[in-house]
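Labels run A, B, C, D, E, F, G and H following the written order; every chain starts at residue 1.
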Amino acid sequence: MSEWRVYLSGEIHTDWREQIVSATEAAGLPVSFSAPVTNHEASDDCGAAILGSEDKKFWYDHKGAKVNAIRTRTLIEKADIVVVRFGDKYKQWNAAFDAGYASALGKSLIILHDPSLTHPLKEVDAAALAVAETPDQIVKILNYVINAEL
Amino acid sequence: MSEWRVYLSGEIHTDWREQIVSATEAAGLPVSFSAPVTNHEASDDCGAAILGSEDKKFWYDHKGAKVNAIRTRTLIEKADIVVVRFGDKYKQWNAAFDAGYASALGKSLIILHDPSLTHPLKEVDAAALAVAETPDQIVKILNYVINAEL
Amino acid sequence: MSEWRVYLSGEIHTDWREQIVSATEAAGLPVSFSAPVTNHEASDDCGAAILGSEDKKFWYDHKGAKVNAIRTRTLIEKADIVVVRFGDKYKQWNAAFDAGYASALGKSLIILHDPSLTHPLKEVDAAALAVAETPDQIVKILNYVINAEL
Amino acid sequence: MSEWRVYLSGEIHTDWREQIVSATEAAGLPVSFSAPVTNHEASDDCGAAILGSEDKKFWYDHKGAKVNAIRTRTLIEKADIVVVRFGDKYKQWNAAFDAGYASALGKSLIILHDPSLTHPLKEVDAAALAVAETPDQIVKILNYVINAEL
Amino acid sequence: MSEWRVYLSGEIHTDWREQIVSATEAAGLPVSFSAPVTNHEASDDCGAAILGSEDKKFWYDHKGAKVNAIRTRTLIEKADIVVVRFGDKYKQWNAAFDAGYASALGKSLIILHDPSLTHPLKEVDAAALAVAETPDQIVKILNYVINAEL
Amino acid sequence: MSEWRVYLSGEIHTDWREQIVSATEAAGLPVSFSAPVTNHEASDDCGAAILGSEDKKFWYDHKGAKVNAIRTRTLIEKADIVVVRFGDKYKQWNAAFDAGYASALGKSLIILHDPSLTHPLKEVDAAALAVAETPDQIVKILNYVINAEL
Amino acid sequence: MSEWRVYLSGEIHTDWREQIVSATEAAGLPVSFSAPVTNHEASDDCGAAILGSEDKKFWYDHKGAKVNAIRTRTLIEKADIVVVRFGDKYKQWNAAFDAGYASALGKSLIILHDPSLTHPLKEVDAAALAVAETPDQIVKILNYVINAEL
Amino acid sequence: MSEWRVYLSGEIHTDWREQIVSATEAAGLPVSFSAPVTNHEASDDCGAAILGSEDKKFWYDHKGAKVNAIRTRTLIEKADIVVVRFGDKYKQWNAAFDAGYASALGKSLIILHDPSLTHPLKEVDAAALAVAETPDQIVKILNYVINAEL
């Protein structure tokens, strides 16, 4: 396979994506990464900014969430592997939603989280082919899976 | 359609399911409800209790989550409508996972939550055909959808 | 097949559905009919009436259209045959949407309309297995298809 | 994703497609656009012109509509995003048919129309991830969805 | 499985269907049989008879073939097993079309024909799970497959 | 769900199926069990016995394996849960084939085997939602999954 | 779309494929053609020649038909458009099988045959988006569908 | 088709893959081969090595088998043809699992094994489009299927 497509879903407040991307590039792996919009403000405001504002918070959010879905669902559907990271802040229901969505599509799912989250994430982890704790482990999995060597 | 199959996913600490089921029955609607195992302890322990215990918490949880998945995935796949309720406690990532899973399968999705959760649930709500605040609204939707009258 | 499921989509201002249903029953055909909500007011107001009103017309309509979609998509997906009737009033884009939706799902599509509408309906008719002009022809098709005799 | 495939369905009497295409190219976005045959006469006559004329208008139209379907269905199935524009003239049932067809295939659907059409398009809009009023908004959505910035 | 659905496609000029049906009933097997319209005249004329005649033979045939397709495709899609019989007369392209259609849908395909037709049917036979020469063998297969004994 | 369909694949030389079926019936669980033909001789000879013998062992086996596939594939496709048991004798490649087949169809897979087979079955177990060692555990899983209590 | 994939199935005794390919190339259309093995002898003998001969004609043919299926099914599944030509000789059941197979996969189907074959091909024609009589018409359809002009 | 994707599953203790790959390259065939990780130790240890070791052999194996599944399932799903070789050692249930998995996905399946294994592999062979005995026969099939000549 000339290129593996990996979607990086979930937590957007630390640099885990950058760590994975730079280490993967350094290793010369043929991976094409994609991700949701990780600029929190843009992600919240995109619907209202482009299509017109809303007085009600529900519709303000709704318009934005749907515009973001154009990006996220398209990229998840194109992906071979979907990595979902859960952090220690916020409710992150969109991350769990993405994991369920990817699972039903039959994508290879990898979950990345601190061991302290094992219990509340047990149903999500149960759908995954790997549960990692560090970005470095994700890179090692990609290297192994693509290069066929440890 | 002789019977509508409705799966009630999510929060297990209040009696919202009972409210919906009893009002639906009182209204004589032809609905067959299903749900995950709502006994919290049984749900946590089922894997170890049936298949043997585990020293590591991860595998203890893992075995249970997978046994539960036999029930939840089968019932979600059979459902016509999937209702997912989010409460104000716990992380509830399994509920969001179910919503994503049901959405990718093309199920009619209804989300039930307090307006205070609108922002963190915006991506989940965006995938739904209805966002309700009370069990009574769910019953009214079922009545309308099935009986074709308000 | 013990029962054929036929969904009757489209125009809601004449009694074409009643004609088809009563003639089919009179003929003793094993058909289970379904249809969208044909009460125009209820169909327009259901979202706001159940889930709360909206100041903006767009969202008022949007909520209602989605609640109706719970019914229409479920029933179309269950149907063996989808009949879509176009009348001489209103824009009827929902009828054409249903025809496209049913076509992509591989349903047997029958279109019912006056010959005067042949040109603007040519793309819709092109996806159909039969194009009829009268409810009586629909009944004759059902009789032939089920009883295997003219 | 190296290239996003966007199908532009619907109204063929104004230059909305050209506006979107030229602004997208000016912005350097990696989008590959496709569309139905927008030459009204060619679109009407193609079946008879290539495969032989017909005395009956129905079959004349039918042959043409099917030849056009070879193009439209193939391109819609290849598309990541389907934009459907409704104008103020003609019945445009083919546009609504395309929207239903794309929706059932799970495509990201964007509807483009004047606010005056909100009510008759409510079922179509309900299936969309964005409802826009101007071609410029479509370009902004594409830019945001692809470049991940407002 | 409480009932096996078996579709009997192909040749309509001998009593092979009756032989299979009566022997299956005599054996008390829980099989629900279906078939295309086997009245040759009705099958040829149904389109014109119900929807109006046509001057051109092509459209006369076309209307009928599509009305028949409402029956045949629905029943093939519902079937667990599709039996296709080829006789020694006529071109029988519809039988081979049904075999290809059923094969692509993943149905269990059984072909029934005289050994003299082995060479021209080799591609069709290659897609089958059994190639039989007599109706009696079909009954024996159904008995074995359902009752699990020779 | 009024009835759960469980397919019992694999080893045919011990009474594990009978143990599961009788204990499930004793517990009053609404389960409909199915299985391959478990009469070893009939399973080997069915093709030749019904469709005519073959000199070459390869075709003798081939005809039988395909007739058996009519039963096994139909029943696996209808099943909600597929249990596959591996014993300590024979190569049992058909059991592993069934597991792979069921897995790709998204069935809930349960593998039943002695711990001594853990290593060679690791890829098969990795696709399962439960790995059991005794028929009694299978019954307990069915009871838990259906009755929602331990 | 940078390239349209067109599979040319059916009759192998005249030069209709060459006519279509050379005219398409002369017109500079971005079409990638594929076809079954058109060398009649190779097609008949491939199974026995590669995998070992067979005494029985049935298995000789069977092995060859299956090896050919590796090519034909792969290429049909990759195709956007499937053209099937019927000539005036031989039974050509493999051509009709291909048409049914392509139809069930949702491919755009074009049938090419002399008007004298209209009646026996009516069910096959009914599944097509165009019925042509000459290779030149196929080229014109491809030109129109790809270049969007007559 | 510019490139055929062939996955080589199964036995990893002889050089059959190298024989096929080198002969295919020598013949200049446009084939892109892929395979599981064929380093037995790496394949056994990958889960523990990357994600942390396990005391229990079951989980040690389980983690590894799932990491390997990221590679194998992705590559099988991308493949046009899946070749599965069975050798004379080990249980090779993963090979049979891959065959079942590929079969349910509709891949063209080729099985490669010594005639001595015909009986235990009969169900696997029954799902294949070719059963070969030597790597050279695989190369000849690829050559024939791609170049359309013996």
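What we mean here is this: a residue touches a chain if its C-beta (ideal position, glycine included) is under 8 Å from a C-beta of that chain, and two chains touch if they have at least 3 such contacts.
Here the structure is a predicted model, which is why all the values come from computation and not from measurement.
Q: Which neighbours do subunit E and subunit H have in common?
A: F, G
Q: Answer with same or different: of all residue numbers used at the interface between subunit E and subunit G, are over half used by both copies?
A: same
Q: So using the touch definition from the top, which pair is joined by more C-beta contacts, F-H or C-E?
A: F-H
Q: Just curious, how far off is subunit F from subunit B if you go by their C-alpha centres, in Å?
A: Result: the chain centres lie 31 Å from each other.
Q: Between subunit A and subunit C, what's the gap in Å when you average each chain's C-alpha atoms?
A: 40
Q: In whole angstrom, what separates the CA-based centres of subunit D and subunit H?
A: 43
Q: When you check subunit D against every other chain, which residues touch at least two of them?
A: 66, 69, 106, 131
Q: Going by the contact rule at the top, pick out the subunit D residues touching subunit A in the complex.
A: Within the complex, subunit D touches subunit A at residues 1-2, 4, 80-81, 106, 108, 110, 128-132, 137, 140-141, 144-146, 148-150.
Q: Enumerate the contact residues on subunit F facing subunit H in the complex.
A: Touch list, subunit F to subunit H: 57-58, 61-62, 64-66, 68-69, 72, 86, 90-105, 115, 117-127, 131.
Q: Contact residues on subunit G for subunit H in the complex?
A: Within the complex, subunit G touches subunit H at residues 32, 34-39, 42, 45-47, 49-52, 63, 66-67, 69-71, 73-75, 77-78.
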